[in-house]
Amino acid sequence: MLKILKYSIYDLLRSRWSYVYFIFYLILGFVLLFLNNDINKAIITLLNIIIVLTPLIGTIFGVMYYYNSKEFTELLLAQPIKRSTIFMGQYLGVSISLTLSLVLGIGIPFVLYGLFKSAAIFDFGLLLVVGAFLNFIFVALAYNIALANENKIKGFGYAILVWLLLAVVYDGVFMILAIKFQEYPLDKFALISMMLNPIDLSRTLILLKLDISALLGYTGAVFKEFFGTSLGLFISLFVLFTWVLIPAWLINRKAGRKDF
Amino acid sequence: MPIFKKYRFLLIFAFGLYASVFSQSKIITVCATCEVKSIKDGVALAQDGDTIFIKKGTYKEHLITINKSVHIIGEDKPVLDGENNTESIFTVKATNFSISGLHFINVGMSYTKEIAGIFVSKSENFELKNNIFDHVFYAFIIQSSSYGVLKNNQIKGESKNETSSGNGVHMWKCDHMRIEQNNISGMRDGIYLEFVNKSHIYNNTSEHNIRYGLHFMFSNHNEYYQNEFKSNGAGVAVMFSKFIEMHHNTFHFNWGSASYGLLLKEIYDANIHDNVFEQNTIGINIDGCSRIDYQKNHFIRNGWALKFTGGCYVNTFEFNNFMHNAFDLSYNSRLNDNKFEANYWSEYNGYDIDKNGIGDVPFRPVKLFSYVVNNTPETLVLLRSLFVDIINFSEKVSPVFTPDNLKDNKPLMNPIDPIKD
Amino acid sequence: MIEITQLYKKFGKLTVLDGLDLTIDKGGVFAVLGPNGSGKTTLIKCLLGMVIPNKGEVKYHDKSVLKQWKYRNNLNYLPQIANFPANLSVIELIKMVKNLRPKTANENELIEKFDLQPFLKKKLGNLSGGTKQKVNIVLTFMFNSDLIILDEPTTGLDPIALIYLKDLIKKERDNGKTILITTHIMSVVEELANEIVFLLDGKIYFKGSVTTLKAQTKQENLEHAIAQLISKQYQPNHA
């Protein structure tokens, strides 16, 4: 698997897209710091961007890489290599190289700006962890979509649809339900809803670290009580892991049954 | 002037002689080895105008009653230990007196009685300064008095809950008071004022009190300025009062699910300017207040900078900075009778083609999301989600739920200068 | 050496392999023929493990290949369409494939033979179809394996390269290798094939030598013999 991983990363490092992504984050990091001059504020802005863009880029990049490396995959399939090795290697290759772009792209400007001396380093670390998780989750979803669709256009379409569902529609449905049932106690419902969607969960995790929970009144207390404990954090990370593992397992299953 | 300079010493000497001979006031010294060993004895010996000088040491006394014009001065902060008796250490009913330089400890707690380090009633012209209070139920209780000064006192409590704790400064039915340069922390309310008029509160620090840093009820024509209110359980509450000047104060880190920098309830004709509200859950909670001018205040990184709850009319907001608040404004009704003009909003992203420093398109500080959150607080968990950005944008383009005329027509392109005091 | 029993494969509603049985013994060139869409490539890909059959068994050296992968180290495959990662150079690709197989390779000899020296540093995306096919051939023949599977190996080759390819195939045959080849060029079949495997309707319709086929179809010309086999597909079967 390491060989495949190596070749995938090698292949990605040669494609200009990972550089575009890296440079995008690099510029973003610098611009944010120069405009704000305040690491804490930059982190909030960064949060907005990471929560929205990382999943989108992960999805599109994942689908694109699958279709672009179809030949490579077919070549590998005729070699004495296990199927799951090929696909897991590629999946990890894409996820890791995207995560590297993210961590380096954002990390470099922040480190240059004196992050290590700042108290924000923990929040920043959490932000990167969450960004990495989102990468792994959405690349896995993208690979599933691409494996299920031979047609590129369809594949891209579904990928964007999945992103839209999780990033926008889910929240919209949640809001409508919350407004509709506002007479009932909603804090548990809100908590569970936010736990189930990786984008919402990531956002909530970071916002609570930035102590936005006070704005939430009673619901905030419930959230704080949950996420503040190590059990809550453990469960959150477990949910994020599950969001990586299930799609990754599905990749294996789908790839094992697919004809090339 | 050389002549005056030459005879200055003589002049002062002559005046001193006059004072000691003709006023006949005397100094009574109290200490463990002195002739007068207790403060109570000292007070009993004293007459109007006398000074009681308390030397360093510990005095286990309480219920020291003062009803004459004496000056009690502590040297090197002698300790007055109330031994947790449910009686005040000093109870005063006098004019022209002062108590200073003492260290009060262990004033007992009671659920039925108001017990203080210094309990003053029906008094006039007094000064209470440079005292320290530790473990006291109340530090000062002042009733039906006027022309008093509370200056440079350090009050430190370890309050755990509201019912079993008292206030730092507690005033009731007073006027012309000055509360200045005090440091109050860990009490129930830092400063509690009820029916207090024409008074000045300034240069105080009130922090980590479990309820309010400053609590103001039915008190008119007061001015408070250059105070710092920090990390109080609920913030500062100003209620049912008129003609109040609030300026150059700092309200910060009042962070909690029911906290605010400043709560205004039924306040009329006030001026609020040059204050800083930083990192409070709610910067100012405005409930049924009218004819208030807000100018040059700084709202920085609050949850809500301004939250209107009750009907508020004819308020003006000009030249304020709204920077990086989760919500700049939360509005409870669809009608607007308040004026927002020429403020700086960090979220404003309009343009200024004629370069006059004023944005060419109006800014709408109320977002649809803040309207939704008002009705269904749980939806706040969606804060900073893409969906919220989308609905806010659509509302911005065509307002349906938020007051159409609630906008700043002259939003500033650059923040106003930070205050210099 | 290869034993295929009762192999079924459907793509959606389309049945491609319909209970196919095939045994191939060690040694010799086997031409897999059949009309378009008869399942030649599918059959090969089943053998390679790239297509998963619905039913049936595929054995290589008496072991099932289904869900296995190690056996592929002992076979070489030349895919029908030479699609390679576009941003790799020729030499990188060769090195990579070598790296992926725990086997020694004699690529230099082949590179020389097909005159690929000038292209080694070029990106695969910039090569012509013929050159790509040459690279494809190098990748296939550089390893020493018992089984060589060639799917339309002649596509895009110039006459000289074609001669070299035939030589290569003959050499491997003489070394006792088993070679499966699909092609539409009958001259290649006639020249090289020891046996013909003819697929029709997802089954083996004919298996035997070229002479047997000619005798059976009463045709002198192989092309006509094949054509006759194919034409049966279009006629109602009265038998």
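For the reader, a short list of remarks on this structure follows.
By letter and in written order, the chains are A, B and C; residue numbering begins at 1 in each of them.
Assume a residue touches a chain if its C-beta (ideal position, glycine included) is under 8 Å from a C-beta of that chain, and two chains touch if they have at least 3 such contacts.
The structure presented is a predicted model; accordingly, all values stated were derived computationally and were not measured.
Common neighbours of chain A and chain C: there are none.
Among the chains present, the centre nearest to the common Cα mean is that of A. Centre-to-centre spacing of chain A and chain C amounts to 43 Å, using the average Cα coordinate of each chain.
Chain B and chain C have CA centres that are 90 Å apart. For the pair chain A and chain B, the distance between mean C-alpha positions equals 47 Å.
Chain contact summary for the complex, chain A toward chain B: residues 41, 44, 47-48, 51-52, 167-169, 171-172, 174-175, 178-179, 182, 186-187, 189-190, 193-194, 199-200, 203-204, 207, 211-221, 223. Chain B contributes residues 255-259, 281, 301, 303-304, 324, 326, 372, 375-388, 390 to its touches with chain A in the complex.
Listed in rising order, the residues of chain A touching chain C in the complex are 3, 7, 11, 14-15, 69-72, 74-83, 256-260.
Chain C makes touch with chain A in their complex at residues 11, 45, 48-52, 67, 69-73, 77, 79, 83-88, 96-97, 99-102.
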